[in-house]
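Lettered A, B, C, D and E in written order, each chain numbered from 1.
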Amino acid sequence: MLINCVAYQNGIKLTDISADDIPYHLSLPDNLVWVALRDPSPEEINDFGELFDLHPLAIEDAQHGHQRPKLEEFDDLLFLVMKTLEPDGNDGIHVGEVDLFVGRNFVLSIRNGTRKGFQNVRERCEHEPHLLAYGSGFVLYALMDTVVDRYLAVIHQLEDELEQIETRLFSKGSSTRSNITDLYELKRKLLTVSHAASPLHEAAARMYGGRVPRICHNMQEYFRDVDDHLARIIHAVESQRDMLTTALQVNLAMISLDDSSISKKLAAYAALFAVPTMIAGIYGMNFQHMPELNSIWGYPIALSTMLLLDVLIWRHFKKSGWL
Amino acid sequence: MLINCVAYQNGIKLTDISADDIPYHLSLPDNLVWVALRDPSPEEINDFGELFDLHPLAIEDAQHGHQRPKLEEFDDLLFLVMKTLEPDGNDGIHVGEVDLFVGRNFVLSIRNGTRKGFQNVRERCEHEPHLLAYGSGFVLYALMDTVVDRYLAVIHQLEDELEQIETRLFSKGSSTRSNITDLYELKRKLLTVSHAASPLHEAAARMYGGRVPRICHNMQEYFRDVDDHLARIIHAVESQRDMLTTALQVNLAMISLDDSSISKKLAAYAALFAVPTMIAGIYGMNFQHMPELNSIWGYPIALSTMLLLDVLIWRHFKKSGWL
Amino acid sequence: MLINCVAYQNGIKLTDISADDIPYHLSLPDNLVWVALRDPSPEEINDFGELFDLHPLAIEDAQHGHQRPKLEEFDDLLFLVMKTLEPDGNDGIHVGEVDLFVGRNFVLSIRNGTRKGFQNVRERCEHEPHLLAYGSGFVLYALMDTVVDRYLAVIHQLEDELEQIETRLFSKGSSTRSNITDLYELKRKLLTVSHAASPLHEAAARMYGGRVPRICHNMQEYFRDVDDHLARIIHAVESQRDMLTTALQVNLAMISLDDSSISKKLAAYAALFAVPTMIAGIYGMNFQHMPELNSIWGYPIALSTMLLLDVLIWRHFKKSGWL
Amino acid sequence: MLINCVAYQNGIKLTDISADDIPYHLSLPDNLVWVALRDPSPEEINDFGELFDLHPLAIEDAQHGHQRPKLEEFDDLLFLVMKTLEPDGNDGIHVGEVDLFVGRNFVLSIRNGTRKGFQNVRERCEHEPHLLAYGSGFVLYALMDTVVDRYLAVIHQLEDELEQIETRLFSKGSSTRSNITDLYELKRKLLTVSHAASPLHEAAARMYGGRVPRICHNMQEYFRDVDDHLARIIHAVESQRDMLTTALQVNLAMISLDDSSISKKLAAYAALFAVPTMIAGIYGMNFQHMPELNSIWGYPIALSTMLLLDVLIWRHFKKSGWL
Amino acid sequence: MLINCVAYQNGIKLTDISADDIPYHLSLPDNLVWVALRDPSPEEINDFGELFDLHPLAIEDAQHGHQRPKLEEFDDLLFLVMKTLEPDGNDGIHVGEVDLFVGRNFVLSIRNGTRKGFQNVRERCEHEPHLLAYGSGFVLYALMDTVVDRYLAVIHQLEDELEQIETRLFSKGSSTRSNITDLYELKRKLLTVSHAASPLHEAAARMYGGRVPRICHNMQEYFRDVDDHLARIIHAVESQRDMLTTALQVNLAMISLDDSSISKKLAAYAALFAVPTMIAGIYGMNFQHMPELNSIWGYPIALSTMLLLDVLIWRHFKKSGWL
């Protein structure tokens, strides 16, 4: 679905144009055509591909979707695949894809399964014509920057989740099934972020320093900034994975500790019952000559002894922390 | 066994030829000879090796089979070893091998223990004569692309398996022996995929960018595409290995949790029996002066007390989650 | 908040100047202006940014804060972000940030959330005019050196903590919840140090050897020294992480050992009660013909047997270490 | 001990020669002298070292033995240290050492503690004079190839061992001490193979591609082949280590599972005894008014109830898998 | 403390000189001054630093001590920091430090906290004047070689320790607290060795091949040899760390196995007491009509039944390995 198709000149919006006018505007000097598609059909992609004279392999990739993030250069054309990450309602991460074809004087952005659009990027760009005058490279930067900034929101969500799990982990008596499940889910989500950010980090690193695609010239400080944000995200993910692995170990240790304390309680309570039972057993024996049995104080003394021993045992276990 | 032996000119099929005609067709300019062997005997390999003037070390490797995937250059000749992966019936992976000898004007493909053939690759190539006109490099690409695409099917199968194990893992009371066995088997299968894909990834990386074999010139975008698919596969394998390691830890934690809950149940039930037994023991004592024994209400009161205490104990354990 | 603003000439302090005099002093040859801000507002940063003609992206980073440590070059300008680490009262680490803008003839330092200032650095520099005469590069070195030295204090604190945990870990009967919590907390703190030191290490490595920013020329031995300290810190962190991982495993093993010894105690005590109870049970049977029952020695012998057996059992378990 | 000392010309054996004739034959053009020593004394090594004018450091290394595998170049001389691995009788690995000094026109091989000799290598070389004509480089290749091929036999032995352990691991009720011991032993053996193969892999990589020692010129395809075998071996070792680590985890999980099932059995059997004991206790009470005691059916009913309850309990535990 | 101060000419000892004569001897051509200090005060270091015109940063490092091993070049001067490792009495490692300043015609060695001196190095050097004639580079080599050889002794001690722990680990019934403590201690010692050897390995690698400090020219084979020894040490440490990690896992598994066997024993013995107790309970019931009670054989039969059942149970558990 075609969302936007606008021609710019020296950073200033000329007009909304139809797809048919694109070749005309591409032929003008200093013109920039910025086209945005949303969940397009393979045919649409094909049509625009022919319009902008894109490489068949890149078109194919855009049609299939589900690519790893990557930056490919075909002569003057850059083909950038990015994953978009958005928090969905239920603690999950919604993954979409943005494919960018960036030529000398055009940008074709295709978003697939992305909930939040990039209309605000276009608006911001149009408010800064002196920057937009840099051309397609600046649009590329602005879109990357936005996608990467949205990763940060996801990272913060995951950090909150880990913190909650940690709190539960160290609060007594809660080494439960749900902790384990949540840690496992968190691990999966970290992998998702990592799969979005790491290859993009590689791509961004090729956009400044060293040999740089021509479109990115003069914009290197900007791409270095994006790359820096990606480095931060990747470090955050790494840290969380690290803590998570430790949290899993900690959880196992906590379960073992709980198990120990159950064994202790079990042992302590068993003793509380075993002692009176044994004494009762002794006075249940049928020997004829058991003087205590005849004493009028026998029964109360026996009962008191039982009680007394149990109190002593109770205290002992209480003191040694078994109860 | 010789399956196919066809001569092409500028991408268009000329004719099926016999092995004896190969030298003649090789001598014609712009001709491409594409020979396909299946499970050949060492002698057959030797014959074709001499026909195409292949390096003795490469011939030896093809005869022995069971090579690691690799790309070797002998002057103008490329020797590529690939593993084929096919899902077999019982959740296993069937591993075969394809050895490709690719010269300037010929392709010799040898498949060993591969179930599914590459006839469809030949057909697709013959339907795209403009691409086949690129020569042996394109055939090399088409075969690699097909082999790698089949890896994806295996990856999807393994992802399904992991998902099933995960579901079982987190459903209560199923931390069974079979989970562990399945995780172990899955790990082995991931290793198998990794052993097929990783060295091929290294090989593919040498086919574009930097110093590239002459046969791969003009085809670099295509090989980059194959390489990209391999990168995706390797990342998928890595992710699964990562999750699998975590799943094993989770499984251990689940077993420990189950163990804890058994201990708790054991303790709770023991208490339910210990209390009445103790009381019964007390009234089984043979003291002469035990007033309760003479009371007509003694017995029912004792029984009721036992029952009452057990109900209280039951409730207590129920509330604290031990039962 | 502006803390200091001083002009130097050939390493000798000229005078404290106001912000308005900065452009004048910058225009003088051999002059160095060193400005220190503390927790400034975005507007202040912006004002000084314009005064020193800083790059907008760097200004933005300084305004936002919470950057990863990094070194960025904008033509002649260096932008260095460092994290400061200070032990806070409760075994925690207080993290602050110092942003340095270093030009040919000025240094602008901005500290955010740092408790301890850098006044002593300025004083030391002013006492060594022959070194300060090196210009802004020396100030950069002096500030980095101070920040890095403060990391060492934190490292020592963490080493002490680990040692205390280890002592507790190996002292009998203390495999407690607090050990696990402390190890987890320590791991987090090590990550904090690592996140401060590792990217700074990367930055420092770019300040000597190879291609070096012009400001760092003639100062390379000094920056190599800072880099060396950072290497030491990073190694110390790595070692501690390594030991910590092992400590967690050790802790788990200790818990399991404790668990075993509880099971043993439980078994031993159970036996001590089970034997007399069994004997008592036997003599509690109501058979008419049980000769022992009639003997006057029956009861004392039975009691003695119970006692004797218990003593033997006690000894046995004591010897085998179960009690 | 001198085993062999032969002079070759253009790949054809001239004659067995004595150590004294070596200098003469070295002086002839196109001559190759191949000397084989076995477990020589330091003095012998010294003598030959002087004969061939070897570097004192290399001689010293050969005398001391127990070197890491390595390739050292001293001008025209190559010094290669390899470990030999041979299966010994008791599932162990016998480690020996082969030191090769390879000059332009001589090869001096010293084997230490190697059981199987290299006579067959010499024979194979003598049967292929067209290859042996390559000179000392080919002998070097032939010896390396043989040593590396023998690693493969060891790898296959270890793979068999792992498979046996796995079979035992997953067969019920065999998580025994011996599994753990065998896995540990296997790990040690894998380390041994790794220590032999990895540094040799590094050495082999320097013998083709890039800057290559002069002796290896024209032989690069051959050394690449050896390197490829080493890569395969190293990958096999890596895979096994990986599976072994998982196997250890699996084993731990199996032990925990067994432990759980023991706890379950213990609990189930305890219940089977506790119920009748409790009932018997109740009817062992001495209340005067217990109507059941007087009934003629009291005893059989009590017994039947005990039996019935035990049957029910038995079934319950059987169904829930605790028995 | 000044230990030695000797002037050499072309490798031959001239005379012991006093500190005051150093400048004179340094001014002579072909002279080498070799000064050895032991645990010097900062002032001494300073004095000699001025004498030899050393860089202030290097002097400062030597004064502070506790540096990471490192090699620093200041123009013609090399500054090498090494750690010395010596077995101390109680299975520990004593760590000292040696700082070497090596100029074109002097060597200043400073040892701190090292027990064993380097007098034997000096003697060996004086016995080989043809090697000492190489100049300060050879002294550097000789000292490094000696320090590194002493690491080997420590490695052997640690290998012995690991072997002892392994033996204890696999001998039945000894999964004790001391095993864990010893493994933990061993890990710490391995880290100590690694911290001494790894940075030195990096330093040594810069002394041969590639761009080499001028002092090391002509000595490259020697430094490669030292580097090789360091590689061996590092590999040995890596292997031990690897085995140690596995040993910790194995230990945990052993503890779990022991725990299982305790549970089994507990269950078995519980059964041995539970059965007679149950039977005794039954015949302790007070039913009026229990025919067995009146039989004269009742008591002996009951006793025999108890005994018989216990024998059967005993055998059963014995056979199934629970006892």
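Keep this in mind: a contact is a pair of C-beta atoms (placed from the backbone, for glycine too) under 8 Å apart; a residue touches a chain by one contact, two chains touch by 3 or more.
On a predicted model such as this, the values are computed, not experimentally measured, just so you know.
Undergrad: Find out how few touching-chain steps suffice to connect chain B with chain C.
TA: The least step count works out to 2.
Undergrad: Consider the contact graph minus chain A; what connected groups of chains does it contain?
TA: Ignoring chain A, the remaining chains still form one piece.
Undergrad: Check every other chain and keep only those touching both chain B and chain D; list them.
TA: Common contact partners of chain B and chain D, which must touch each of the two, are absent.
Undergrad: Could you work out the angle of the rotation that brings the CA atoms of chain C onto the matching CA atoms of chain E, rounded to the nearest 5 degrees?
TA: Between chain C and chain E, the superposition angle is 70 degrees.
Undergrad: Residue numbers at the chain A-chain B interface: does the shared fraction exceed half, giving same, or fall under half, giving different?
TA: different
Undergrad: If you average the Cα atoms of chain C and of chain D to get two centres, how far apart are those centres in Å?
TA: Inter-chain centre distance comes to 41 Å.
Undergrad: Quick check: how many Å separate the C-alpha centres of chain A and chain C?
TA: From the centre of chain A to the centre of chain C is 25 Å.
Undergrad: I need the residues of chain E touching at least two other chains; which ones are they?
TA: Where chain E meets two or more other chains at a single residue, that happens at 249, 252, 256, 259, 263, 266, 270, 274, 277, 281, 284-286, 290.
Undergrad: Based on which chains are in contact, what kind of graph results: line, ring, star, complete or other?
TA: ring
Undergrad: Under the touch definition up top, go round the ring from chain A by way of chain B and list the chains.
TA: A, B, D, E, C
Undergrad: For a test of understanding, state which residues of chain B touch chain D in their complex under the given definition.
TA: 55, 57, 61, 67-68, 70, 72, 74, 175-177, 180-181, 183-184, 187-188, 191, 195, 199, 248-249, 251-252, 255-256, 258-259, 262-263, 265-266, 269-270, 273-274, 276-277, 280-281, 283-286, 290, 292-296, 298-299, 302-303, 306
Undergrad: If we count contacts the way the header does, which residues on chain A are in touch with chain C in the complex?
TA: 166, 170, 172, 221-222, 224-225, 228, 231-232, 235, 239, 242-243, 246-247, 249-250, 252-254, 256-257, 259-260, 263-264, 266-267, 270-271, 274-275, 277-278, 281-282, 284-290
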